[in-house]
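Heads up, the next two complexes both have chain A, just with different partners, chain B and then chain C.
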Partner chain A sequence: MKTKIFLMLLVAAALCAVQPAHAHHAFAAQYDPTKPLTLNGIVTRMEWANPHGWIYMDTKEPGGKVKHWMNETAAPSQLSRHGLKKADFVDGMTATVKGYQGKADPGLANGRTLVLKGGRSFYIGSVGGPNDGAEPK
Partner chain B sequence: MNSVIDPNVDVVWNAVKTDIDHGKQIEHAPANDEEWAAVRHSALTVAEGTNLLMMPGRAVAPPGAGSLSPGIELAPDQIRALIDKSPSGWNQFARALQESLQPALAAIDKKDPQALFEAGDKIDEVCESCHQVFWYPEQGASASPASAPAR
Partner chain C sequence: MPSIVPTFAWLEGLAWTTALRESPYGYPLIETSHLAFIVLFAGLVIMMDLRLVGLAFTHAPLAVIQRRLFPWQMATFVPSTATGILLFCVDPLRYYRNVLFLAKLVFLALAGLNALAFHLKTYRRAEGWDEDPQVITTARLAGAASLLLWSLTIVCSRLIPNNWFK
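Right, the complex of A and B next:
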């Protein structure tokens, strides 16, 4: 029993270490609506999960240094509603994410629009973002 | 909310997801009876936790707790005041949350990952709807950003 509890705690600790915060904070609590950004880079990972998806990207900074980004997206049901599929995330894909800078973490952003190579564009914004025209009518 | 609902609903949400790593889809779902039982425990804790939410006059946070994001998200005493102003509205959301857990519990009992994933989406909708009324009611459309620098 003690071993089982220890293992459960170990798993919980490991999950805490890699999971982004999932609490439903207000958009402005985590992201700066006055700091829009455009990220051009390689998508390395997509977490198709509730209550938010996460798109992980590598971009190149001036000087060539690689910067890792985590872009929060809407819930998968919303992404699907806007036409995005899990199969759209292929190995080595380049993409553009337009969104807003995170407040606490320089590698955190909230994605509003995802544009894939070839020009297919998807609204990926979560609830509560700025009224910036990204959301389809 | 922070100690009972949130950590347990995270267990329900995290139970089923797809991790697409360099194009490879890795499906995550409870793999055995013990893991399904753990998710069921959390789902039931959230469902029963809604009864605590509906207790009249119950504190919404421990004494001394403040806003997690001052000026953006309300402090516990402000949330309490909103609840006292509209207890029926608050209870309606609490009941909606309780009801949103029922499909999740049914999916867990059937060991159906897809149904649990879809149930998680409905739970999310209820959470967000309530938060917009009682936690951060002032947070609507706010910014008209300038064009962003490319990186």
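Right, the complex of A and C next:
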């Protein structure tokens, strides 16, 4: 009986420990949920790739200096589900990416929302960040 | 010494690796299979290792455990390795530059050598102690080493995407 109760508690504890399904890696390991950012700039390259994609962007700093960014996105299957196509990305196009700053690398960000020229907006984030499915606040 | 980088860049640029890297379903399918086969393989190896260290199935002769588990271990090791090689081919340069991936390969090789040494040397002379609940020290050490090395292999694998050491 005691063993049974112990086992039940063990199973309950294990279930409590189960976290929401994360994507390839945990958001918190690499990105700072308290540092949202909005990048307006030029998409220099898009990697439509597994296990997650990358949007490379150049933005203009206040002083006029160009800053290079790499924005992590969800995997191709998720991007497709949110209505994006590989062909939506053309090197040199302007775009806005809203997301979160990376922890270690100053040019790293986790993209959550992509706004294309003309105003079409897409959710590009993977699971695990704050306000999943919504824009960063 | 010629660098391996151009070879990996060539591999990464091939039509089929590119298609897999950009695929909506192919890649997730291979990735999921890879993990599922690892889980099955590790579970089967752990069962054998627990018998060796004397923590489980101690009343069953080692030969019986070995005979029953070995085909399943191979049947899960082969597809887990094959899917692993595919995943590597999709992004060879990223893995090549990831120290946790390299550590995983080292632990994998050591785990393989440990298993090979056990099967080719220690286990060949198992007639005398095959039915002992506590087997000879060499065999118990092989079991303990196997548990440790496969665990390290899996832990390193899990940490590959976190890659803190860029």
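The working rule: the second predicted complex is superposed on the first by the 107 of 137 C-alpha atoms of A that agree within 3 Å, B and C clash if a C-alpha of one lies under 4 Å from a C-alpha of the other, contacts with A are read in each partner's own complex, and residues count from 1 in each chain.
Here is the rule we use: a contact is a pair of C-beta atoms (placed from the backbone, for glycine too) under 8 Å apart; a residue touches a chain by one contact, two chains touch by 3 or more.
These figures come from a predicted structure and were not determined experimentally.
Steric overlap between chain B and chain C is present once the structures are superposed on chain A.
By the document's definition of touching, of the two partners only chain B reaches A:P36; chain C does not.
By the touch criterion stated above, A:K98 is placed in contact with chain B alone, chain C being left untouched. In the superposed model, A:V90 lies in contact with chain B only, and not with chain C. In the superposition on chain A, A:F27 makes contact with chain B only, while chain C stays out of contact range.
With both complexes superposed, B is the one of chain B and chain C in contact with more chain A residues.
Touch criterion met: A:N50 reaches chain B and chain C at once. When both complexes are overlaid on chain A, the residue A:G128 reaches chain B alone and has no touch with chain C.
Only one of the stretches 78-86, 96-104 or 132-140 belonging to chain B overlaps chain C in the superposed arrangement, and that stretch is 96-104. Overlaid on A, the two complexes show chain B and chain C touching the same residues of chain A, namely 24-26, 29, 48-51, 75-77, 86. Those residues of chain A whose C-beta lies close enough to touch chain B in the complex are 8, 15, 19, 22-29, 33-41, 44-51, 59, 61, 67, 75-77, 86, 89-93, 98, 100, 127-128, 130-132. By the touch rule above, chain A contacts chain C in their complex via residues 24-26, 29-30, 48-51, 75-77, 80, 86, 104-105. Interface residues of chain C, counted against chain A in their complex, comprise 20-25, 27-28, 31, 90-91, 161-162, 164, 166.
Touching chain A in their complex are the following residues of chain B: 2, 6, 10, 13-14, 17-25, 38, 68-69, 72-73, 117-118, 120-121, 123-124, 127-128, 131-132, 135-136, 139-151.
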